[in-house]
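Sharing a structure with you now.
Residue numbering begins at 1 within each chain, and the chains themselves are lettered A, B, C, D and E in the order written.
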Amino acid sequence: MSQVSLEHFLIVSALLFSLGIIAVVTRRNAVAILIGIELIINSACLNFIAFSRFNSTVVEGSLFVLFVIVMAAAEAVVALALILAIQKRIRSVEIDKTSSLKG
Amino acid sequence: MTTVIRELGDEQRELVLNMGPHHPSTHGVLRFVLHTDGEVMRKAVPEIGYLHRGLEKIAESTTYPGYVPYTDRVNYLEAMFANEAFSKAIESLSDIEVPERAQYLRAIAGELNRIASHNITIGCITMDLGAITPFVHLLRERETINDLIEALCGQRVTHHYVRIGGVAYDADDNWLKQVEKFLNHFEAIIEELDNLIVYNEILVKRMADVAVITADDAVGFGLVGPNLRASGVDWDLRRDMPYGIYPKLDFDVPIGAGEKGTVGDCFDRFVVRVRELKQSCRIIRQCINNIPDGDIIGNVSRKIKPPKGEVYSCVEGARGELGVYVVSDGTEKPYRVKWRSGSFSAMSIIEHISEGLMIADLVAVIATLDVIAPETDR
Amino acid sequence: MNALADFIINSLGLSGLSAELVMLLLVVAVAAAVFGIGMTISGLLTLAERRVAGRIQSRIGPNRVGPFGLLQWLVDGLKLIMKEDVVPHDADPHMFRMAPYLVVVGVFAAFASLPFGQLLIASDLNVGILYLLAITSLVTVGVLMSGWASNNKWSMIGGIRAAAQIVSYEIPTALSVASIILISGTLSMQGIINEQGGWPWQWYIFYNPFTFAVFFLYFTAALAEGNRIPFDLPEAESELVSGYNTEYSGMRFAGFFLAEFANIYLMSAIATTLFFGGWQIPGVTPEQQAGSLVLQITGMVVFMSKSAVGCFVVIWIRWTLPRLRIDQLMSLCYKYLIPLSFVCLGGNAIYLLIFPKPSSANTLVHMITTLFGGVLIVIFVTRVMYHHRISGVSLDLNFLARGEKGKYNPETQVRAYGSFRKKYEKKQGAK
Amino acid sequence: MGQLAEYFNAIGRTILTCSDGLAVTFSHLFRKPITIQYPDRTAKPLTEMLPERSRGILEMDQELCTGCSLCSKQCPINCITIDVQKNAETKERILNKFVIDIGKCMFCGLCVEACKFSAIRHSKEFEGTVSDVNRLKINFVEQPAPVAKPKKGEDPVLKPVGSIIRKYLADQWAPAANKSSDTNSGGKSE
Amino acid sequence: MVFYFTALITVGTASYAVFSKNITRCAFSLLYSFFGMAVLYGLLSADFVAVVQLMIYVGGILVLLLFAVMLTGNIELAANSNKTASRWLGYPLGMVIFVLLVSVFLRVPWGKSAVQAYLPTIRAIGESFLGRLLLPFEFLSIVLLAVVIGAVVIVRNRNVCNASEEEEST
C-alpha cells in the first residue's frame, strides 16, 4: 500500500470530476445530470480525505466530507423532488424542454 | 396520499396487470385484469370461462339419476349441496316423498360439508392475507370431515351421497358417535381459531372497512349466503324458505354487525363464516340427538320420468343459495338444466367495488367473497 | 486477523510483494470461511424453518434425507444448482444476472463482522455495527435491480416495495441501535459485548425499561428489513406471485433464498450482540474467557444458541401472523416505530444522565426490568398451557388407524413405485 | 388526548392479539403431528386403512357376470363396454369383452348399485398411474367364456376385494417384453 | 494493488454511468462507483466516512435516483439524449478540465507528511461534532428538516395543482 501516493488519489478524483462535468454538459435527462453532479461531489470528497490523510490532521477531512455528504443527500432529495414535479408537469425530464419556472 | 394519486386521473400512468389465470390468490383458474396506478386500483375486471365444462349441456344427454354424480362437480367444495338441490328439484317435480331419516342424514352430511367448505374459505382468507398456519389447521379438520364422509358414502370430495328420493347409504350409530366426537373436538378448535387469528389486530386492520358492500348493493347484485348476510341482510334459506328438516331445528343466523368497522366490509364477511361454523355444529348435534329410524330412500323407480313441467329448487349451500332450474319434457332426460350459483354473482360485484382498493385489498376481497372458479363457470 | 497476518509474515520473514500476497491469500481464505459458515447457517435455517413450520402446522416436515432430514438443504441446493438458469427473453440480461450477486454479497459480507466468539470474528471493525447497517444496503439495490431487470410487472412492484420498505425501516433500526451505542459508548461489536455480562440482568435488554422497549422496536424493524412475515410484502405470495424473485430459477433463486435466511441469522446475531450479551458466559469475565480454549468454545456455543433462539422466534412469527398492507407498513414505520425509537433514544440519554454507570440504583433498575421480563414470560407460558389444555386433546377417530408412526416397511405396501417397488420385487423374487 | 389513548390502545391490542396467536402456535409444538407418511411408513397397507364403503377403482369378476349390461346402461359416461355373443351351436351366450375405461370413470357407483349379481364392484385401490392412457382401458375378460348363470337363492362366491384389479394394475408397470412372467409375480403379490 | 483495482472499478463504472444510453443502467452502475469510493475512503483510513458513504449514497441517494428513474416514465426516449451538439462541447471541456487538474496536482509540491498508521477516527469526529463544530452540526439538522419539508411540499403541491386544473378543465 505504501507505494500509493497522494497523486494517485488526486488523479482518480480528477477523472471523476471531468466525467461528472461531461455528464452535466452533454446529458439532457435531468436524472443523468444529477448523476454527474453526484460524481463531482464525490471527487471533491475524495480530495478532502486524501489531503487530510497525507497531512498531519486526520479528522479534519472526514469532518468536511461528512458535511458534504449530508448536503449532497439534501440536494439530491430536492433535485429529485423537482424532477418528479417537472415530469408530472410537462411529461418529460429533458432539461431543454423546461423553459418556464412557473408551476 | 392515495386520494391524491387518484385525483390525478391520468391514463398514461395506468399500469395494466394480469392477475391470473395462474396466480396464487385467484383460487383456481380465474383472471382479473387490473387497471392500477402503482398499488392503487382503478378497476379490476374479472374474466371467467377458463373452467367451463358444459355441465348444463351434459344434463341434456344423461338420465336424471345419471346426472346426480355430475352435480358433484358443480363446486368441488359443496358436492353435497349440489346433489341435494338437484335431487330436491326432481323430487318436487315428480312428487317423491323423502323419508325422515334420509332428511336428517341430508342435514348432517350437508352441515358437515358446510363446515368443510367454510374451513377452506376461512383458511384461504387468512392465507391470502399472509397467515398460512390457520389454513393448514383448518385443512386438518377438513381432513377429518372428509374421512367421516368417506366412511359414510365412500368418497371424499365427489360424494354422490344425496340421491333422488333420499340418500344412498345409511349411517350406523358408530358413525354418528364419531361425528359427535369430532364436534367436541372441533368446537374447541373454533375457540382456538378465535385466539389464533380471527381477532388478530393485523388481520382486523387488513379487512375492517375494506370493500364495503352496502345492503342495497348486495341485494342489487344478487349476492347470496354469507356474503349477503355480512352486508346486514338477514336472509337464510334454511330459515326463510324452509326445506328438509330445518324447520324442526333450532339455530341462529349470524349476520354482519360491523364489529370492527362498517357493516359489509371484508371482516364481516370473514367473521360471519366463522360464526356459521358454530351454528353448523349446533345443527348437527340436534340432528344426531333426534334422528329417527326408518328408510333412507323413498319409493323411486329405476327409470325416473318426471311429468312435463319445470321447477326451480334451491338449497342454502356454503356459498349461499345454490339453485337449479330443471325443465322436464316428460322423457327420462331433462330438457334443460340451469344452475344458479353464489360465486357467479359474487364475481360480478368485484368490478363495482374494486375502485380505489389496493392490490392487497383485492386479494382480501376475492378471498372473502369466496369465489370458486368451477361454480362460476360450470 | 491483522495479528494473524503479521504473525505469519513475520515468522516466514516475508516482505514486500510476497507479504502482500500472503495478506491477500489470507483475506481470501477468511472470506471463503465466512461465506461457508454463512451458507451453512442459512442452509440449516431453511431446514429449521420447514421443520418448525411442520410442527406448528401439525405436520412433520422434511425427514427423509439424512437423520432428521438434516441433509435436506444440501439436496435442495444440489437440485437448484442443476436446474436450468432461465433468463426471460425480454429481461435485461446483465442486470438480471448481476442482481443475486449483489444481494448475496450484501448479506454475507456482513457476516465478516459478527462476533461468534471472543476471538472468533473475521474483523472487529471500529465501526462494526455501522458497517453491518451499511453493507446491507447493497441488498436494497440488488432487490431493486432484480425487480427492474426481470421485466415483469409483479417483480417490478415487488422490487419497488422492497426498496421502499428497506429504506424506510433502516431509520428505526439505526435509531434503536443508536440507543445501545449511547449506553455502550462504542461502535465495535466486541466492545458492545464486553460492556455487558453473562447474567440476564447484565444484558442490555434489561438495562432499563427503555432498552427493553428498544429491543422490540429493533426486532420489528429488523423483521421488516429482512422481508419476513408480517412484513414480507415484497414477495407476498398471494399478491405478487413471488415478488422480485418471480422470474428467477436455479442457482440465482437459491442466492436470493439463502440471502433471506442469512439475513434472519444476521438480525438474530445482531440482536444477540446488542441486547443479549453475545458470547458472555454467566459468571465468567471476558479476561477469564480469553485464557481458556474450553471457555472460548462454550462462548461460541452460547452465542450460537442465543441467536438460534432468535431465529426460531423469527420463523415462529412467520408461521403465525398475517401480512400488513403497504400503507399500513409505512404508517407503522413512520407513525409508530420512528417516534417511539426517538422517545427511547431520548429516554436512554436522560437515564444515563441520572444514573451514571456504576451505581447501586442502576443495578436495581436492571433487576426490576429483568423481573418484568420474567413475569411476561411466565404469563406467556400460562397462555400456552391454556391453549394446549383446551384444544390439545388429540382427536381419536380411528376410522383409518391413521397417523401411526410406522417404520419403513416395503412389505406393508402392496404397490409401490420407484425404488420401493424394485426392493419389493426383489424380495418377492427371493421368495 | 383521545387520539393519544387510541394510539397506545392500538399498540396494546396488536401486541396482545399477536402474542396470543403466537401462544397458540407455540402450543402446537407440543402436539402430535397427524401426518400419515404415505406410502412407505404406514402401519398397515393403505388400502386396509380405507373404510368399507370406499369407492376405488372398479373391478369385475368374470365368474359372476351374466352379461346383462345393466351396469353399462346405468353408467352416465358410458365407460363400460360389454361384448356378448351368442354361440350359434350351443346357444350359450359368451362374454367376449368387458372393458372398463378407468380413465373415464367418475367413481359414482351407479353401476355397482345396478348389478344384481355382485359381479362389478368398487375395490379399494386408488393408485392407477400408468405410462399410457390407453392402458387404463382394462378388459376383465381374459378368455372369452360362457356367462355365469346364477341360481336363485344361492349366494355368489365373492373373491377378496381388490384381488382382481390388483393383478391388472400391477401389469401396468411391467416392462413390455416379459409381461407374462411379470403378470405371474403380480398375481403372487396378493 | 487494492487501490488500483478499486480505482479502476470506480472510474470505469462512473464512465459507464456517464456514457451509457440506458439511464437505468447508468443509475445502477453508479452503485459500483459509490462502493468503490467507499473502499477508497477505507484505504485512506477514513473508516467512518466510508461507512457513511455506503449508508447514505448506496442506501439512500442511489435508491432515490433509481426511484426517480423508474417513476419518470418514458425512460427509453430520454436515455438517447446524447445526440446533441453539446457533445462536441462537453467532451473537450471534460478533457481540458482533466488535463488542467492533473497538471496542477502533479506540479504543486504538496507538503507531504509521513503516512500514519490506521487510526480510528470516530472518537475524534464525535468530539468535534459535539464540541467545536456543534453550531454547524445543528444548522445541518435544520437544513435537513427544511429539505424534507421542501421536498414533500414540491411533490405534493404539483399533484394538487394538477388535480385542481384538471377539475377546472373538465
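One rule holds in what follows: contacts are C-beta pairs under 8 Å (C-beta built on N, C-alpha and C of every residue); 3 or more make two chains touch, one makes a residue touch a chain.
None of the values given here were measured: they were computed from a predicted structure.
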Touch graph components, with chain E removed from consideration: A | B, C, D
Chain ID, smallest distance between chain and overall C-alpha centroids: C
Farthest chain relative to chain C (centres taken as mean CA coordinates): D
Distance-maximising chain from chain E - centres being C-alpha averages: D
Pair of chains joined by more contacts [C-beta pairs], B-D or B-C: B-C
Where chain A and chain E are represented by their mean Cα positions, the distance between them in whole Å: 4
Computed distance of Cα centres, chain E from chain B, in Å: 58
Between chain E and chain D, distance of the C-alpha-averaged centres to the nearest whole Å: 70
Whole-Å separation of chain centres (CA-atom averages), chain A against chain D: 73
Per-residue overlap in chain C, given as positions that touch at least 2 other chains: 20, 56-59, 319-321, 387, 399-400, 402
Per-residue multi-chain contacts in chain A, two or more chains: 1, 91
Where chain B touches two or more other chains, by residue: 12, 133, 140, 147, 150-151, 192, 195-197, 200, 202
In the complex, chain A residues that touch chain E: 1-2, 4-12, 14-23, 25-29, 31-32, 34-36, 38-39, 42, 45-46, 49-56, 58-59, 61-63, 65-67, 69-74, 76-78, 80-85, 87-89, 91-94, 103
Chain C partner contacts - residues on chain B that touch it in the complex: 1-2, 15, 17, 23-25, 38-39, 126-133, 136-137, 140, 144, 147-148, 150-151, 178, 181-182, 185, 188-189, 191-192, 195-197, 200, 202-203, 205-206, 358-361, 363
Chain D to chain C touching residues, read off their complex: 11, 18-37, 39-47, 49-51, 125, 127, 129, 166, 169-170, 173, 185, 188-189
Touching residues on chain C, where the partner in the complex is chain E: 20, 24, 92, 94-95, 98, 102, 125-127, 130-131, 133-135, 137-138, 140-141, 144-145, 148, 156, 160, 163-164, 167, 170, 187
Contact footprint of chain D on chain B as seen in their complex: 62-63, 65-70, 72, 133, 140, 143, 147, 150-155, 158, 160, 168-169, 192, 195-197, 199-202, 204, 302
